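Remarks on the structure that follows.
In order of appearance the chains are A, B, C and D, and numbering begins at 1 in each one.
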Amino acid sequence: METLIGLLVAAPLLGAAVLLCGGRRLDRTGHWIGTALAAASFVLGAVLFADMLGREAEDRTLSQHVFSWIPVGGFQADVAFRLDQLSMTFVLLITGVGTLIHVYSIGYMEHDERRRRFFGYLNLFLAAMLLLVLADNYLLLYAGWEGVGLASYLLIGFWQHKPSAATAAKKAFIVNRVGDIGLSIAIMIMFTTFGTFAFSPVLESVGETSEGTATAIGLMLLLAACGKSAQVPLQSWLGDAMEGPTPVSALIHAATMVTAGVYLIVRSGAIFDAAPAAQTAVVTVGAVTLLFGAIVGCAKDDIKKALAGSTMSQIGYMVLAAGLGPIGYAFAIMHLVTHGFFKAGLFLGAGSVMHGMNDEVDMRRYGGLRKYMPITFATFGLGYLAIIGFPGLSGFFSKDKIIEAAFAKGGTEGWILGGAALLGAAITAFYMTRVMLMTFFGEERWRNAPTPSPKEPSVEPAAETRGEYEVPHPHESPRSMTIPMIVLAFGSVFAGGLFSWGEAFVHWLEPVVPFEHGHPPVSALTVTSATVVALLIGVGAAWLQYGRKPVPAVAPRGSLLTRAARRDLLQDDFNHVVLVKPGEYLTRGLVYLDHKVVDGAVNGTAAAVGGLSGRSRRIQNGYARSYAVSMFGGAAILVAATLLMRAV
Amino acid sequence: MSTTTELTLRAQEMVPAPDIEYGQLAPVLIVIGAAVVGVLFEAFLPRRARYAAQALLAGLALASAFAAVVGLAATGRATTEAGLVAMGALAVDGPALFLQGVILLVSLVAVLTFAERRLDPRAHGRHVDSFAAEGAAVPGGEGEKAAVRAGFTTTEVYPLLLFAVGGMLVFPAANDLLTLFIALEVFSLPLYVLCALARRKRLMSQEAALKYFLLGAFSSAFLLFGIALMYGYAGSVKYAEIASVVADTNRGTTEALAGTTGNDVLLLVGGALLVMGLLFKVGAVPFHMWTPDVYQGAPTPVTGFMAAATKVAAFGALLRLLYVVLPGLTWDWRPVMWGVAIVSMLVGAVIAITQTDVKRLLAYSSIAHAGFILAGVIAATPSGISSVLFYLAAYSFVTLGAFAVVTLVRDAGGEATHLSKWAGLGRRSPLVAAVFAIFLLAFAGIPMTSGFAGKFAVFKAAAEGGAGALVVVGVIASAIAAFFYIRVIVLMFFSEPKVEGPSVAVPSPLTTTAIAVGVAVTLVLGVAPQYFLDLASQAGVFVR
Amino acid sequence: MSFPLLTAVAALPAIGAVATAAVPAARRTAAKWLALAVSLATLVLAAVVAFRFDPGGDRYQLTESHAWIADFGVRYELGVDGIGVALIALTALLVPFVVLAGWHDADPLEGRTPDRRWRPTQGFFALILAVEAMVIISFAATDVFLFYVFFEAMLIPMYFLIGGFGDRAGARDEDEAAKQRSYAAVKFLLYNLAGGLIMLAAVIGLYAVTADQLGEGTFSLQAIVEARQSGELAMAQNTERLLFLGFFLAFAVKAPLWPLHTWLPNAMGESTAPVAVLITAVVDKVGTFAMLRFCLGLFPEASAWATPVVLVLALVSIIYGALLAIGQRDIKRLIAYASISHFGFIILGIFAMTSQGQGGATLYMVNHGISTAALMLVAGFLISRRGSRLIADYGGVQKVAPVLAGTFLIGGLATLSLPGLAPFVSEFLVLVGTFTRYPAAGIVATFGIVLAALYVLVLYQRTMTGPVRPEVERMPDLRKRELAVVAPLIVLLVFLGVFPKPLTDIVNPAVEHTLSDVQKTDPDPEVEAAK
Amino acid sequence: MNPVNYLYLAALLFTIGASGVLLRRNAIVVFMSVELMLNAANLALVAFSRLHGNLDGQIIAFFTMVVAAAEVVVGLAIIVTIFRSRHSASVDDASLMKL
């Protein structure tokens, strides 16, 4: 059974290798190969899952040592896998959603001449992501961590001919690298402290080290998580990452990769438990991000960017939960899984809309689409209900538990966190309703040619602004696209209930993820009611603004906050002013310095010797008598020096 | 009858015939004898036959003298049987024989370049060599044209060369101050004349001769005055006796000695002036100023010979003087020599950077090299002696080879010595450029060349002798010097050839052989120097 | 007496060089094939060396020892430890690719009648082989003098390679290009020569010290190390430090370490891509190798004394090199500055004095060789197509030449140490090894990986992505010969990234020996974790 | 007899000779000054010879004279040639080669 774990990673990896090295001859079959291998991986996962269910709860961890990777002295890095309930959850999510999105992409990317490569990258992503969650030590996890980063880079920049896509891809990779510093340093501290960086020994002996060390590791891990999961302050890349094809946004930037940070924190729970300060940092990051993402989500007119803001915000919930300790870990993962379903579904829905709308992404150019795309509307709607936490649907169960746990944190902290989470729930309801209304309801704004925004002219005028506007013909997407959406919609509806049935999910995870019941200062029912109220307020507010009155096809100027939120709350401007510009000046300055000072010193020395030479050769003036003077003087000096030596 | 025999007998009693070890003096005698024969050739042989006869004579004489040196060394004269000959005037010991051997080989190769007659275009249907048709004729005047038309050649250069070689052979072996002085003059005077005999650029050649002569005479006056003071101090001109007086062993044996030896000023000033005379010949700063001008003006084969052989002879004499006569004064001369070595290395290297003429460049290079060799001299240890011997052997062949290559690069005005004309030589004549590059790299002291082995040897000796700082200065000077050697290589290989650039003359086997010997010695001494190092270290003991 | 394997590995390319140079002017292609064959044969011999080497055996194996210059205490002593084996293998491995990549670099320019005697093609390949021979000897030498000789001598063929066979991309103005080229060559030579001469002073000093204390001067590394350990040889503190500095300076120039680095961008920028690879991937490794073998082995105490300063310089190199790489406008100079950053890592690892640091540094030398070769050679192919080295002259190449772009990206990813590719293994080892002893240094160095991402991805973005520029529209994709150069390198990068164990197994014992030379052991972990 | 006086005289002559070399332009005069320096040395040699009571110094003096004669031969030859080509015996005029 253990050997299957390796195969789990190997199958998509093989797919990536074959597709990327295979060349043009695989253009016709490539997407099938890719999908088949993803599905194979899912089947393997399912087999392993069945096997795992067949064993005792305490006996469910499988491990496989494949080979010794980097053995140098005390540094022993192995390629070894560990499949326990936590990683199993991820394996199923990744391969399941992954396979669905492969299927979806067959239709979505049908007309792209580089579809084979796209599937290669997708397979590469699956392999890396599986490596990340299956690794039994931090270094191998790091390999997977960077591997998904690479896949993300390749996929965001898949349409490389678009400068914006290439820039977004680069930005994603680099911001992630900043986070990776954290993971590297965390591993280094672990190795220095424990002499190892495998999960079990580190997590088991973390209590023996000082709190300071644990805090340092925890903070570094948090930094890593911030990068990968787009948490403040490393969140800026996620919005831009929407430049990638929509299936990518669904799989990588919604369902799986971006949640890796949550996985990391939950996996390293023992470290955070030993470091309260780090935990505080985690919850702070989570709370800030959930609000940040939500606010950004409210202001975006680009459907994918609105969803990206939402993703950021929802992961904020997860991080918040993960920072709460044993009262939150399981819920973080639970929300992660349900979010995987509904957010993937939402993105696929968005992709479907775009597919039918000539790749238009501006929601102000949508409206009234429910008639034209019923399946998309239905699945998207279910996803919408799930994400806002409509009672009974997946999101309700998982999000409500997190809000409860936040209150259960206790003290002022608990109130602040709980309040933030509640506020977030309200805003979530607002912006998701806004998306829903703008896309599927209201007038059909796409029928008229757009008036170009006077304020922010786009860099490249699109076809429509050049006066050749072609009215789109919204239509439902092919079955290869709708089926995955339907499947995901099922997940969005039922997963939450299923997991919460007798706390099934919590108990499933309990052997690896410690669990405690939180005790909120008010009753659970109160919290739930408050959540529902918040939800209603949000929906209502959105309806007031976008449902009752027509949506302007051109964005109004908006309030200061709206304008800031449109610019991602000025995060890029901040980075630009604080990092990019000074960095440019520094680089330019250093280039100058290198040329003028470092190199200049060398060239200067050479020039000085040359100058000395040019001047001293003039002594050789061609007159024999002056040569004689030199000799005479030399003789005098020689004599004088000799005498002087004796005198001294 | 009876009176004559009686007279003879009495004369024999009164004037004891000196013991002359002709066998051990053979190398010198052969060379000087051949020189005299050469003069007779000039007098009696028809003009047409002179060139061949003189060249052959010189070659044979040098070869057999070298054989004699080898023979002497083989019979242990360099080591166990070393001793003084000719009433103590000359030493036959390791350093002397080693240096004589080097001088003879260098001269032999130099004769090849002297005899080269294919480089210049033919004049009136006859091959011509590098020397003026008639040295006394006014440059460009009627007399000269007539001489050229008549096919005159200055075959006197061969006897002159032989006389110079004779002097050089004696110079490092001289074991008293008189012999030293005479040897100096014997090899200097022919060189002055040789310098004046260039076929092309005669004004420069004559100027070189004038400068060399005046400054040479000036320096020998200093040397002579130094000899006088030294003699005044020690009451003798024999090295061994001076050394023992300096070392206090027989101070005050006579009243006069007691008077003079009390006055160290005589000794110190005399010693300084003596050393100065020798430093002039080796071209050390500040007595170096003649070198660039003379090297540039003299006919290139003469420059090559002079640069190589004079340096060997002069350093030989300097070594003997410092190690045999003045060991008691080591503490006095060492600091002074430190200074001379340092300024020689630095001045030579620095000024060379901006030179534009190949011959002047090599002249400054030779000044820097004099500094390097002085570093070995200063070591004042047996390994110092042997390292200097080795360096001299290595350096002289590189120099000779380099100047031989210079003779090949020509344009309408003769040798194209201006560096700008060497641009792109590597494209036109890769082989010649590569050979010259090897010589330059050897000068620069790049490993695998004799220059490196030599430099390593002297620096090692200096370091062991406690002159670590000198090594550091030497290294810095080497780095500076590397710059201009490299510059020439850049010019040859990486610059585009000029359209009107010079051409490389195809030499006869004579020059080819000379260059080939230079390359061979450079590489062999660079890669497998052990045999020669052994030779030098066996030879590194002076007889006293 | 066994077969002198090490001599053979070095002699083969040397003989090959002479033979290649002797090929007549008209038979250019024959010279190329000859050079390729010789380099491949050398690779085979190097592989034999690697297989004959027993990691569990003596420290130095396949030793040869012959009298050479007794007067200087010099012997012809060869022997390899794991580090030497790894680097000899790297050298032998890269040269065939260099030859293949430079196949047309020394062809006579079109439209110019080739001179009968001027044989640049023959010369080019002969010089490459000569460099290979000298580098291999340097890696195998256990006699300081022998090492020094080849350390210096290899400058000459390198010099001709840089100055004589410039990048044709800059040939818009032939005169200007030639001037730049010869400036670069002279700078390379003078810098290295100056370093080497300072080392010469130290080499002589070493002789003087050994002669003084052991009675007889020696340059044998093993003899000196043994004498030190037995207490027979006790250098005075100041002497040791001065000698160390003499050696270190030469190696730091070669490596190159900030602020002695400025020759590298010129040299790499002006030379052809294969020669640039030869410089940075092969020749420069001699510098870092020598730090490990000679600086630490001969002067352990001085090494410890200098460690803080060296570490700081290494860190400056890492960050400074990366920042300057970001600021470059010329592809090859960018790669050069990236290399400076990487050499900073190598030196950092060496002077961290931990088994991870030094093991990592050794792997780094190998991996950096392969990754830079991949990146630089592809960059060379790119440049040769467009005839410009300026990043700004490219754009959208990915669309027209996807394979070229893909391989370029992989080379770039290796340069930024992506896990799964070989450089990650070494870089992480260096970081960890440094961190365990010097946490602050480890953290600072870690920032290098962000900057690496920046310069690699910016380069990739500007050249390969975006709209297709009209100038690159007709750019052909990689040709078969070019693919044959790049593909094996990429395979190696992946293989060594996933399974570096064969290499670490060879290197580890050697690193342990080196650490015992400097009498250092790895710091113990604070908590003995439950295994 | 006080030999020191002769020595002073010799030194004086030597210095005068040297000054002549340094100060005079005419090659012949320069050369004569060199001869004066040689003779100064001769004087010192003879004086010391007398002092030490051996003949070495006097012998050297004879040799010096011969050498000086030889130098005259070579020197005058060179000077005359150069005079014929340049119509000037000034040392300073012969300065083609410099720097």
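Rule of thumb we're sticking to: contacts are C-beta pairs under 8 Å (C-beta built on N, C-alpha and C of every residue); 3 or more make two chains touch, one makes a residue touch a chain.
Worth saying up front: this structure is predicted, and the values here are computed from it rather than measured.
J.: Expressed in steps between touching chains, what is the minimal separation of subunit B and subunit D?
T.: Shortest path length, in steps: 1.
J.: Sort out for me whether A-D or A-B is joined by the greater number of C-beta contact pairs.
T.: A-B
J.: Point out which chain occupies the most central position, where each centre is the mean of Cα atoms.
T.: Centroid comparison flags C as closest.
J.: Of all the other chains, whose mean CA position lies farthest from subunit A?
T.: D
J.: Compute the distance, rounded to whole Å, between the mean C-alpha positions of subunit A and subunit B.
T.: Roughly 80 Å, centre to centre.
J.: Could you please state the distance in Å, as a whole number, between where the Cα atoms of subunit A are centred and where those of subunit D are centred?
T.: About 96 Å, centre to centre.
J.: Just give me the whole-number Å value for how far the CA centre of subunit C lies from that of subunit D.
T.: One centre to the other, that is 64 Å.
J.: Centre to centre, by mean C-alpha position, how many angstrom separate subunit B and subunit C?
T.: 45
J.: If I count partner chains per residue in subunit D, which residues reach a count of at least 2?
T.: In subunit D, the residues touching two or more other chains are 18, 21, 30, 91, 94-98.
J.: Which residues belonging to subunit B are in contact with no fewer than two other chains?
T.: 210-211, 214, 218, 222, 292-293, 483
J.: Can you pull out the residues of subunit C that are in contact with at least two other chains?
T.: 190
J.: Can you name every pair of chains that touch?
T.: Inter-chain contacts occur between A-B, A-C, A-D, B-C, B-D.
J.: Which of the residues in subunit D end up touching subunit B in this complex?
T.: Counting only subunit D, the residues touching subunit B are 3, 7, 10, 14, 17-18, 21, 27, 30-31, 34, 37-38, 40-42, 44-45, 47-49, 51-54, 56-57, 59-60, 63-64, 67, 70-71, 74-75, 77-79, 81-82, 84-86, 91, 94-98.
J.: Can you tell me which positions in subunit C touch subunit A when the two form their complex?
T.: 187, 190-191, 258-259, 261-262, 320, 323-324, 326-328, 354-356, 359-360, 396, 398-399, 406, 413, 418-420, 424-425, 428-429, 431-433, 435-436, 439, 442-443, 446-447, 449-450, 453-454, 457-458, 460-461, 464-468, 498-501, 504-505, 507-508, 511-512, 522-531
J.: Can you list the subunit A residues touching subunit C in their complex?
T.: Subunit A reaches subunit C through residues 20, 67-75, 79, 139, 142-143, 145-147, 150, 153, 157, 160-163, 165-167, 169-170, 173-174, 177-178, 180-181, 184-185, 187-189, 191-196, 200-202, 204-205, 208-209, 213, 583, 586-588, 590-591, 594, 598-599, 601-602, 606.
J.: Show me the residue ranges of subunit B that touch subunit A in the complex, using the header's touch definition.
T.: Touch residues, subunit B against subunit A: 210-211, 214-215, 218-219, 222, 264-265, 268-269, 271-273, 275-276, 280, 285-287, 289-290, 292-293, 331-333, 335-336, 339-340, 347, 350-355, 480, 483.
J.: Mind listing the subunit D positions that touch subunit A in their complex?
T.: Against subunit A, the touching part of subunit D is residues 18, 21-23, 25, 30, 91-92, 94-99.
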